[in-house]
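This structure is in structure tokens; I'll ask about it shortly.
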Amino acid sequence: MTSGLLQFGPEELAAITPEIILSAAGCLLILLEAFAPRSRSWFATISLAAVAGSLMMLLKAPAGASFGGRLETSTLTSLMGMFIGGTAAIAILVAKNYLRRTGEERGEFYALLLWGHVGVSLLTRGLDLLVIFVGLELLSLSFYVLAGIFRTIPASSEAGLKYFLTGAFGSAFTLYGIVFLFAKSGSVRLSALSQVGLAHDPLVIFGLLLLLVGFGFKMSVAPFHAWAPDVYQGMPTPAVTYLSVAPKGASILVLYRVFTAVFQGGLPDRFRLAVVALAILSMTLGNVVALAQRDIKRLLAYSGIAQMGYVLIALAAFGRDALAAVVVFFFAYLASNAGAFAAVAALFRDETKPHPIGLLAGEGRRSPFAAGVLALCLFSLAGIPATAGFIGKFFLFKAAVDRGLYALAIIGVVNSLVSIGYYLKIVYIMYMRDPIDDERPPRLPLSDGLALGLCGILIFALGIFPSKLWELARGAADSFPFFGP
Amino acid sequence: MAGFPIDRIVFDLATAVAVLFAGVMVVHHHPVKSVLALVVGFFALAVCYVMLWAPFIAAIQVIVYGGAILVLFLFVLMLLNVGSETRSAGSRRPVQTLLSGAALLLFAGLLLGLLRHGGSAIANGSQGPAAAEIAPLARLLYSDYLLPFEALSVLLLAALVGAFVLARREAGP
Amino acid sequence: MIGGIPLNDVLLASAALFTIGVAGALLRRSAITIFLSIEVMMNAANLALVGYGAALGTREGQIIVFFVIAIAAAEASVGLAIFVALFRHTETIDVNEIHLLKW
Amino acid sequence: MSAIPLWVIPALPLAGFLLCLLLGRRLGKGFVSAAGAGSVALAAMAAYARLIPFVRGDHAPVIERISDWITAGPFSVDLALRLDPLSALMVSFVTFVGFLIHLYSIGYMSHDETDAGYARYFAYLNLFMFSMLVLVLASNFLLMFVGWEGVGLCSYLLVGYYYDREYAANAGRKAFVVNRIGDFGFLLGMFGIFGLFGSLDFGTVFGAAASDPARFAPYLTAVCLCLFVGAMGKSAQVPLYVWLPDAMAGPTPVSALIHAATMVTAGVYMVARCNVLFRLAPDAMLAVAIVGGMTAIFAAVIALAQNDIKKVLAYSTVSQLGYMFLACGVGAYVAGMFHVMTHAFFKACLFLGSGSVIHAMGGEQDMRKMGGLRSKMPVTFWTFLIATLALSGIPPFAGFFSKDAILAGVFEDGRYVLFGVGVLTAGLTAFYMFRLVSLTFAGRFRGTAEQEHHLHESPTTMTIPLIVLAVLSVVGGWVGLPRVFSETGDRFGAFLAPVFPALPGRREGGLAHGTEWLLIALSTAVAAGGLLLAWKWYTRDAGREPEAIARALPGPYALVRDKFRVDEIYDAVIVRPFRLLARGLWKVVDVLIIDGILNAGAFLVELGGDLLRFLQTGNVRNYALSFFLGVVALMLFVIGAF
Amino acid sequence: MTALLGRHLLSVLIFLPLAGGALLLLFPKSAAGAAKAFALALSVLELALSLPLWMRFDPHMPGFQFAERLDWVPSLGISYSLGIDGISLVLILLTTVLTPVSLLFSLSHVSKSVRAFSFAFLALETGVIGTLCALDVALFYVFWEVMLVPMYFIIGIWGGSRRIYAAMKFFLFTMSGSLLMFLAILYVAGRHRALTGEWSFLLSDLLRVSFAPEVQTVLFLAFALAFAIKVPVFPLHTWLPDAHTEAPTAGSILLAGVLLKLGVYGYLRFALPLFPDAAMRYAPWVGLLGVIGVVYGALVAFPQKDMKRLVAYSSVSHLGLVVVGIAAWTSTALAGSVLQMVNHGLSTGALFLLVGVLYERRHTREIGAYGGIAGIVPVTTGLFLVATFSSIGLPGLNGFVGEFLILLGTWTSSHRWWSVVAATGVILSAVYMLTMVQRVFWNPLVHEENRSLPEIRPSELIAAAVLVVLMVWIGVRPNDVLERIRPSVDALQASVNARRVQAHAAVLPEPAGRRR
């Protein structure tokens, strides 16, 4: 615990600049919206620049903990910054045309997205439960609003309500968990959690459980998943693009940080079993229910639930390799899941209606590029080799097998078999069914094309040359602070 | 501090009131009455905070919670003109109620069991009533807790803009 | 002991409040009441935080509570805005009636 | 002059095959006739160019290795040809008879066939010659098997030559499938041989077996039985004979060449070739003899009541093949091979003669619609009669000598029951053959007026082969005179002797002259009796007597006429259950069980999804509840443990 | 260029089709014909490039030839490691032959999304050749799975009426096996790491690891399942009739001709050497399933009404025989099995091609819709007959040699009765194939529309003729192929047997001069 008062020095400034850039860009957009609405067509560019600038500053920031050990700058945060920044960039690219098409191209959308991004960024960097909580709430509040931002569309408002109510409910549990961790360690700093004895304190375990629940909620892990399908369906697709990817990665990282702080050596058996149970439930429920979905956004929501089950495998495996696997997995997930939503945004042109899969019939020939990338993303999500998704799963399952979690790994692969069922369903509808009408699709806008292209390239790049990323992630995991010997 | 535990009695009374009115809030079918019940409950909690050497918190509890948040609730209720929850055909959800009840009982039991342990395990603090001073609190906020505080400002801004975006009346351009 | 108040009393009260909050969230149908119940849950956390803070002799407990109250206020503003926006479509905030998105 | 390499002999018909196949359609019948018959003529010349010096020489086996063929692990086999007395014998009459039948076919096939069909016919026929020559010239079992299956293929193709007639197509398929059953045995036999001797080369295998009988004998019974199953298929023995009568669906020259003269005797050739092995397995020999004897009489009985001229000849062939196996089974291999040769002459002559008749009758094969053809077709009649006498075993025709040799062999071996069977069969043979001759050539014409008008003698390309074969049916037997006539008369036996080496501990001897005279008298008498009875019943009495018998014994008569209903029995016992089993496996195991389980699994998962989906009620309170239940469950599980 | 072809011939062979296929996407939509021709030319070029492989392959050199090695994920010891022995060599050649044949056939028959079609085939070729060359288990797995995707599209887009069901079934079935193999691979590599401290997925390294018997059993079963599904071994075969039947002709050719073999190949290359004890312990069961497959496939083929389905079941039967040969584990049977894979590829490929010829003209695969067409389409008939006789093992054609070697080799093993039962396939195959021939080409011509059936086109004729020539060549000169197979098979057998002897030594000693 620091006793002296902290000074805001250049170190702190350098560390926080990324977040400042984002927040300021958000403010700028609000101001432009209010006073220079003609500049709207530049909003996406400004946002992209902010994300890029923020990422650049993050990469340049000196490594180490600042703000009295509350904010981390390290290889890991850089990697995560790239991950969430990438997600944000894709989301913004998707938003560009989507918003123009729906007539909602306004500064608030981008501003809220950027502010939410700040929250996620804090989640990935926070070494302090309070920072984490504030980050979580910043993220949540922004996305409550983004969920309901289409006030003219009932589904959007309903999504806002549902996300808000369940989110607030979940946050309350998270907060209650934080209370007990604070109570037992006497501080909100994660480093305080590594005191001897805490690992066996029931209250600490309880607090950790509540955090698991709260962040599990953000990751949409069953049984805390129920919001996801409804919210994804009603939420504007660009926002889902972000929400379905970046916060999940940040959340698992938070869990990893907190758990390693307390347990260091390894999870206690019961706790590990609990995580395993959640993983199995999540994979199974997600995959099985996804089979029955008819709306592609709901389907992707369930797919996400299942994918988070796989991620929990890595949490159960709990080790440096597993952590690195999580990082790699999320890069893959970024490419494939964000890419899938980007494709959905490009392929569905009427936002006031649901997104039934059947509408995709024949898109393989009508919109070859978007459909192709969607198919690629789905194959990647299904874990077919030479795509990023395979690499992600490769490392996850490797971590599980190395840790001896054979049953979990087997359940995992059986589940991914089930998942192929619905991923391929979309593919065959796109490629093997005739289109339902003769309407010629409009040209794919540049921004969408860019987003899709980036995802496609990333999927292959990562699928074929995973080595560099893995080594980076492994190095980052090596410097992860709390793992015991 | 020996003798008659006046602190404790006041505290327990205040918590009893808070819990009671929270309960009232939950069982009342009319939202306005629920809000009003909660106002009482939150005031009672403010008393508790005072007893726990946190007058500053007590103050913002009264001002922010009692004064701002609940008033906002009332305002919205009036705006929307929401009446009491009506019983419609679909409103009876016995499964939901039963499961909720059972789960709540279990949860309460587990929580109580846990907290019985929890109370005794803490090292006794050294600061005592000095914690009630507000100035050090402020210094902490602007130094040690600068980061969350800054983040909080963004959060408030986001909430502001968000609320504005959502509640705007005119349809999008 | 905080002064003369045993920490257990505080925690007990907090647990009771939290449970009541959960109960309200689960059992009520009006979105506003549900949200009120969630506020009660957060207050339960606040109470425990202040209690622990005092018992530990640190100001951090109060600081957290300060943040929580601020966040609660922000949440309330956003939440109520969402209710208002939704109400314009559905003319109700009874969550039993709001199930456009399902299955 | 250096000798023509052996491989040239089969290669010539192969070239003919390719020419006919690839160019025949375009270049027309003249080209096909030249290429088809010419290549066989060349092959025959080449063969005789090699054979004559060989016969004059010391009869030592000649092995000509063409190249390596298959090598894998310890297994190795070469493409190599073998010329020894046995293969020389086979090559001599295969090429010769083959050439005659090609010649005959030019006339027979020229009328009603398109260019394409004509080319196809000669292509198949040439391919057959190639395969048959490979079969007999092969120097190892595997190469022999190549020819073995090749002739089967050609039989299949030629039987099904009239592919657009369902019965012909069926018959072709049946021929191939039944042959395959035999081949199954042959394959197992080869495996056994390789397992025992580590080689499939004739020289190696027989040499090893002869040099150390005690070591191999215990295993050879099984091996020989397997080989014999192969021979049974190819040579139409009971119970695998059923394909041969049906095979008459093919063009008649084909029946003459393949299903009378050459291919069907391949089984006998194979057993004779493996005589060393068989002689070391007496039980297998006995089986061969019994199967041969049974087949001989069984087919002869069926032949009694057939009205289709080719069917009679077909059953006769089956019966005669039984005779040959009977000979092999009692160790009279020379007699067996002798009969193979003579049978080739007279049976080919008979078939070609019947072809001439059918040709004249415009495709009619029912003898009840013939009669009195003697005057219209004198050449055909006389050659046919000669061949019939030869088949019936009337001295001094060829068949007499070979049949007598067989009966003598059986008697010598002490198999008196089988001897009785043989004698009886001889009588039956004479009877049904004269029945055939009587019905066809004697009496009045019983067909339509149009047919009568059309009756004519066949062209010279067809009659020349008939005459040549008739001559051979007369003189062909004189190469193997029994010892009672001349101690050195059995030049045939002497020639083949190296192929049937003496084995240690085997008795070799001969019958007393008196006994042999007796046997000759007996067989001649029986044959003459059958012949006269048939002449009396069918020529003089115009078939009244047989009709009376048939009326008196309707059951047995019908049974014989319907060929003992063997086809029907096979259909009920094998074919139908097979179809049922196949269909059952498909519908039950594949569709119902395996796919059923998989589809049920997939269905259950999907059903699960469909049901679980409704947990997502859309009601936020339920979501909160599921969340909370999760929390409580986790707490119970994790905290409950503390 | 020469260096590229000289030292990286395998890489060139693997990636040339894919890279060339990518160029296809540059063709304008209207230039369908040009795209087809380009793809065909590319596949012929590939064939031409694979010929040096055949010529320069030295059968007497031990180990893998044309080897290449690059680090891929060095920290995990995953490498891009290629090399071939005789077994892979013949299968690669089979692939490079069958791909142009398929494309040549499709030249006049595919009109829907031509560029994508050609690309799918070229991508498939890449996947197959990659699978056959990979010496790193992870690399192998990647290629192994990648193959599925183009095939899925080929069946699903250009297939028959039940194509979607068939494509899904194909994908899920195959995937279900490989996923468990995937875990097993991870385990094996992890074990190598645990024992040596170094990560490696290189087959040659993993061969140094040995496992406790129970573990080995589990791992073996995981591998074997993946391969058994691909082969397919009874009772895991039911995807095959659907996939073969619904796939477009060219797809069926490659599916039956090449893809099925990869199951056997994987078993030989990975499952057997990695888990020799378990493999030997379970060999009786493998052989039993193979024998059942032989008889069962033949029986079930018989009542089929759909020509392609019949041929598909015949594949079950034939590959059952190949499995028997491998389970028998004698040098002769193994060589026969490898040869028989090539044979089956040629004969079944030709059968599918010729069925396709008929299908493209009449748009039905019902046997009952034909009959008596031998006179209408004599050339097709003749070719079909040759393919049929190759398939049922007529001596003089290729099928016989393989069949005979397998049966003979099995006979000399300790499981003589397998040979006896499997040899009944000789009879049964004649029954079902000839029945089909009779009902399609022979018998009276009853359907008038068949009277105007056009004869085979030159492009199709060339495609079929190539296969027929190869059938005859292998039938007459099987040693040309066998001499390349034999040393590899013997080496495989020797190494597996040697490893069995040394079982239970935790890690085998490392030879000097090992990498790093």
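Every chain is named by a letter (A, B, C, D and E) in the order it is written, and numbering of its residues begins at 1.
As a convention for this text, a contact is a pair of C-beta atoms (placed from the backbone, for glycine too) under 8 Å apart; a residue touches a chain by one contact, two chains touch by 3 or more.
Everything quoted here is computed from the prediction, not taken from an experiment.
Chains that touch both chain B and chain C are the following: A, D.
The most distant chain from chain C is D, comparing centres defined as mean Cα coordinates. Chain centre most remote from that of chain B: D (centre = mean of CA atoms). The highest number of C-beta contact pairs joins the chains B-C.
Closest to the middle of the protein, by Cα centroid, lies chain E.
Per-chain Cα centroids separate chain C from chain D by 97 Å.
Our note on geometry: chain B versus chain E, Cα centroid distance of 69 Å, whole angstroms.
Distance from the chain A centre to the chain D centre is 78 Å, each centre being the mean of its Cα atoms.
Chain A and chain B have CA centres that are 30 Å apart.
Annotation for chain C: residues 18, 21-22, 25-27, 29, 31, 34, 52, 56, 58, 61, 63, 67, 71, 74-75, 78, 81-83, 85, 95-96, 98, 100-102 touch two or more other chains.
For chain E, the set of residues that touch two or more other chains comprises 172.
Chain contacts: chain D has residues 602, 613, 616, 618, 620-622, 624-625, 628-629, 631, 635, 639 touching two or more partner chains. Checking each pair of chains for touch leaves A-B, A-C, A-D, A-E, B-C, B-D, C-D, D-E. Those residues of chain D whose C-beta lies close enough to touch chain C in the complex are 613-614, 616-621, 624-625, 628. Listing the residues of chain E that touch chain D in their complex gives 172, 235, 237-238, 241, 296, 299-300, 302-304, 330-336, 339, 372, 374-375, 378, 382, 389, 394-396, 400-401, 404-405, 407-409, 411-412, 419-420, 423-424, 426-427, 430-431, 434-435, 438, 441-445, 477-479, 482-483, 485-486, 490. Per the touch definition, chain A reaches chain B in the complex via residues 2, 5-8, 12, 16, 19, 23, 26-27, 30, 67-68, 70-71, 103-104, 106, 108, 111-112, 115-116, 118-119, 122, 128, 130-131, 134-135, 137-138, 141-142, 144-145, 148-149, 151-152, 160, 180, 183-184, 186, 201-203, 206.
Partner chain A is touched in their complex by these residues of chain B: 114-115, 117-118, 121-123, 139, 143-148, 150-152, 154-155, 157-159, 161-166, 168, 171-173.
Within the complex, the chain B residues that touch chain C are 1, 5-8, 11-12, 15, 18-19, 22-23, 25-26, 31, 34-35, 38, 41-42, 45, 48-49, 51-54, 56-57, 60-61, 64-65, 68-69, 72-73, 76-77, 79-80, 82, 85-86, 88, 90-91, 93, 96-97, 100, 103-104, 107-108, 111-112, 115-116, 118-120, 122-129, 131, 136-137, 140-141, 145, 148-149, 152, 155-156, 158-160, 162-167.
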